[in-house]
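One chain, chain A, links the two complexes that follow: it is found with chain B in the first and with chain C in the second.
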Partner chain A sequence: MMGLAPHMLSNLVVLALLVGLLGLSRWVRRRRIWLESAQAIWQRRRLAIVVIAAYLSIALLDSVAWVGGVPEGVADVLPNQSLSVLDRLFLDTREASYSAPFADFEWTGGEALRHPGSHVLGTDILGRDVLYLALKGARVALLIGGLTSLISIPLALLFGVTAGYFGGRFDDFVFFLISTLASMPGLLLLIALIMALGKGTFSVCLALGVTGWVGFCRLSRAETLKLRELDYVEAARALGVSEVRIIFRHVLPNLAHLIVITFVLTFSALVLSEAVLSWLGIGVDGSWGQMIDGARNELSRDPIIWWNIGAAGAALFGLILAVNSVGDAIRDVLDPRTARTSE
Partner chain B sequence: MTALLEVRGLRTAFPSASGPLPVVDGVSFDLNRGEVLALVGESGSGKSMSALSAMRLVPKPGRVVAGSVKLDGEELLDLPVTEMRKVRGGRMGMIFQEPMTCLNPVVRVGTQVIEAIQLHEPVSTADARARALELFAEVGIPDPDQRLDAYPHQLSGGLKQRVMIAMALSTRPEILIADEPTTALDVTVQAQILSLLRDLQQRLDAAILLITHDLGIVNELADRVAVMYAGRLVEVADREALLSDPRHPYTQGLLRSIPALATPGEPLPEIAGVVPSPEQWPAGCRFSTRCPKRIERCAADFPEETAPGEGRRVWCHVQDAPATGEGA
Partner chain C sequence: MGAYVLRRLGYGVGVALGVLFLLFVLFFTVTAPDDIARKALGEKAPQVAVEQWKANHGYDRPLWPWQDWDDNLLFDHYTKMLTFDFGLSDADDAPIMDRIQAGMGPSLSLTVPLLFLGLIVAIPISLLVAFFRETYIDRMGVFICVLAMSVSTLLYIIGAQFLIGKILRWYPISGFDADPLLLPRFLALPIIVGLMSGIGGDVRFYRTVFLEESARDFVRTARAKGAGEARIMSHHVLRNALIPILTRVVLAIPFLFTGSILLEAFFGIPGLGSITVDAIRANDFSTLRTMVFIGSLLFVLGQLATDLSYGFVDPRVRFE
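For the complex of A and B:
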């Protein structure tokens, strides 16, 4: 594992994601409740789902990378540097080819701060193409949202469900932990954690995950408190089912809708949090937050340089709007507390 | 012959601000093989709690504080948790009052039955499915093959109760505890479920502990009856003896207030007052606050157990006073 190049890891993750998505869709298709829900959500928010899919494919294209295949003498490419599909599309070889269809455009290494009219979406102060940067940001945003959710939701479930189910001293302990975390200013805690862990995508995700699980932990604890009193849990106990099995068979599946809703709704909040962190200078490299941070100094120029911040903001806005709107649809369909209007 | 299930001096209490509050207070009864024993009482009399105590399923923070529960001579209250789990569902099955909520809504009913089988026996899923199919047919579920793949919301209340019964019977338990099995069902379905229970009980030679407040069901199903009031037994007798010749004033009151047995044109007799809550239980006979035949010593000391007849136990100071006649 030590010898694995970062781009190979990323390729493997893409492969795993695609296999996972395929498996998930097959799983959903076989279960009527989930299939009907998925269809209802698709009918409500076609556009938003297409937008999310577009972001996802850009991010996936940006994650599949390999070394080589680049003509010699391309200025920006170091030997042994891996380039993703997206990078290759925008590669500045000054010669259009099958592998670099946009190459006769001037992408990187161009003149600084060019206007969108004279360049596709303009360039930033270093002469980098804004469209390219905005597209690159999608991968970072999805990575932050996904990885952080992968950290914070299991953490919240672990504490919330066990505290709610077993109660007693462990519940007291978890509630103490939750209250303590909730009483600290979130941003301050985040900054302290990132300072301690060091910069980097993973440590930012870890910090966001460790500070962000409290809300869902409280929710899952409350829901478990309700579920453990239900008759079918009682009936399972009367059948001699062990407590651990009851949790996995009867409690967690009945929390599934909450997990899906929480995942989608926190996802957008996490992407935004990263933008805030970037603005403070402790974000993730290549994110939209960093683009916005880099562009804010250009706003005072005359004529105003608006396209940097505009592209990053629009990309961020588009993703978050789409995710939130799908999130609302998911909640409408899955959450029993909001009445179903269709059917 | 020793009894299959022997409950002695069972006390179950819940903590409260004024100390532990017993909801079951010194209950003793035997359940013999192949017998249907009905535990009868009003809401809050401790009948369900007695059964849950025997299964060691008393909801927290309540707990069994004293007594003994022996299954075939083996003390259940001292059994390690893992052993107790094998008893539950293995040797003692239980069905509940609310079939609507006793099945996990997100899992197919067949899967739930199959899992119940596999929980106690190491059989393959295919074998367990075949067993589940047999069980479904046995409890009278039409189209058992299709019903195995149904979700709980696709089944009616009666069908769900049949599924619950199938699940409880999946391991051929020696004892089936039925906690108000028909209360949530409508009358025609009630009759079907009762005849199913009687059928199965005779076929499998299982003992049933039937918890109910409905004397009609007692008459239909029970061999022996134990009447509970406010956490205590007041009278235990064979069904016929109890129904025709109740000795305890509370049993007499219960029988008098059955609409079908009342005199037409006259107001339905009732037992005056309500069941006192555990904090207000009198020191003596628990029924003394409402008893029409109360004498002075009733409020002060609890009556000893008396055995006025074969297989009959009564806890009352005044039972020898002419009490019958007006009851029947």
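For the complex of A and C:
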């Protein structure tokens, strides 16, 4: 990134994210429909929203990083390496051992530990603290869900809205493209793309985005087809408002609730499919999926090593459950169709 | 009607050709034949060996028709795939068709019971949940569904293998035997896992369908006539909800043949899912693209069958 260290870029992203969240909350507060929806969602799913906020803040703590300022003994091992706030919290308890939660002695060999009971969730086979790894996975999971949505939702909107609004040959082409992509088995297309693009966080997100935009593209196209025929759109057209302005002022705002619902509901699906990709060996480094996959065979040891897979599984489950239940509430509140049927 | 069938058929063929083109772009241009050869031979293989490998596997020709009209990989790819001449595996030179034929049986022996058991379990539960709509039973049911959907399939598999296979020792952890007496013992665990991981989404889907049907006018009429709630559920709601349920089942049929990648790989079932995973692990590009093509083709056929049956049943579809 042109002389910009990776940790500085990540700090900037955190800053941008915080500014964006602040702007979004101000924006929501100024619009009555969105404010009331947000309040209704908050009243229905307080706990789940708090859980998501906790995951988000852990991920942000893991994204703010700087070089230096580490104690003497550690600086020799990691010279000039940027460490995040989360890394710094777990510096002291680093100990190359393999131990159970709250253990006083090493699991293999039985030697006494230097810091007995300091590993709340034990360590893995390489001596890394399991709690630390599980917390670090939050950043990866949110990155997968967030970055992929940033790729797939604009892509879907671009094709879906223009195809639905302008129709004609372009619409035929987009519809053909969607049906072609939709007919390919999702996981296989994903794997083929990653094998073609190479491994790594960005290419995994790109592949997930390219395979995931189809459903929302179809939805936004269908919705635009309906909106195009509405009286106020026709009135705007009669008044000579430009097509671009009609799309931005009259079509896109009416798709906003669909964007929010799709974002939340695909988020959990994305994180879950990354776990499957990790098992296939093409996942993202440091994800919960990789932790689960790595600890899979540890369960067959005697005595059983359960804390590894348990921590990763619980962290994954907690996030997905929270997102799914908030997603349900969001859909109930925002989607006029479900609001009608549940009356 | 004839025009509709022809138009729909033409569109299906078009989509299949489009899939083949995408496959060509992915497996011949983005990953060039040189990359495939190097993945098979190792990064440091000499150029001579790479050329030899490409010649042996038929990758040594020009890619596009404008380079050589009579002998190019694009036309070759189309003719071979469309005539089901899938050729040899890139990894071990075994005929791909033989493998697919051998894998179809094991895949079906897992997916067919899974589909029917899923219906048998999910429909009564969702009827019950829809019957008690807007009560605590309904809310609990929906919450349990969300809970069940939030667990990664990997964890279901590992958990079931650990708990039922290792600790309780009810069923073998993994394996397969075509002997009809032994088969159920080996299939028990993957079927349990498949049911657990699918039930949440299924129950929620069927519940929505049932709730939509129970908001219809004829349900109100039946209630006004004095029909009991149980009779309304079974005669008015379930019967009418069978159409969307049937659509979902018909659309699932193509995927019965391609099997389940995760379940087959973890439980050692030598079906098409296992073949796919082996192909991914071995960088076997020719097998992988064949599997993608077969999956897409089955999907296109399934859609075609659904649309045409709609066309026969519902005259409105034809004139659209």
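The working rule: the second predicted complex is superposed on the first by the 308 of 343 C-alpha atoms of A that agree within 3 Å, B and C clash if a C-alpha of one lies under 4 Å from a C-alpha of the other, contacts with A are read in each partner's own complex, and residues count from 1 in each chain.
As a convention for this text, a contact is a pair of C-beta atoms (placed from the backbone, for glycine too) under 8 Å apart; a residue touches a chain by one contact, two chains touch by 3 or more.
Every value quoted in this text rests on a predicted model; they were computed, and no experiment measured them.
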When chain B and chain C are modelled together on chain A, clash or fit: fit
First, second, both or neither for A:Leu189, with chain B first and chain C second: second
Angular separation of chain B and chain C about chain A, which is computed from CA centres of the superposed model and rounded to the nearest 10 °: 80
First, second, both or neither for A:Glu234, with chain B first and chain C second: first
Touching partner for A:Pro253 - first (chain B), second (chain C), both, neither: first
First (chain B), second (chain C), both or neither touched by A:Ile33: first
Which superposed partner A:His7 touches (first chain B, second chain C, both, neither): neither
Comparing the two partners chain B and chain C, which touches a greater set of residues in chain A: C
Touched partner set for A:Ser242, first chain B, second chain C, both or neither: first
Which superposed partner A:Gly167 touches (first chain B, second chain C, both, neither): first
Where chain B and chain C come nearest after superposition, their Cα distance in Å: 11
Touching both chain C and chain B, counted on chain A across the two superposed complexes: none
Interface residues, chain B side, partner chain A - complex: 55, 57, 59-60, 84-90, 93-94, 96, 98, 101-107, 115-116, 119-120, 151, 164, 167-168, 177
Chain C residues touching chain A - in the complex, by the definition given at the top: 11, 14-15, 18-19, 22-23, 26-27, 30-31, 134, 142-143, 146-147, 149-155, 158, 162, 166, 208, 211-212, 215, 255, 258, 261-262, 276-277, 280-281, 283, 285, 288-289, 291-292, 295-296, 299-300, 303
Residues of chain A that touch chain C when the two form their complex: 176-177, 179-181, 183-185, 187-189, 191-193, 195-197, 268, 272, 275-276, 279-282, 289, 292-293, 296, 299-300, 309, 313, 316-317, 320-321, 324-325, 328, 341-342
Touching residues (chain side chain A, partner chain B) in the complex: 32-33, 167, 229-232, 234-242, 249-250, 253-254, 256
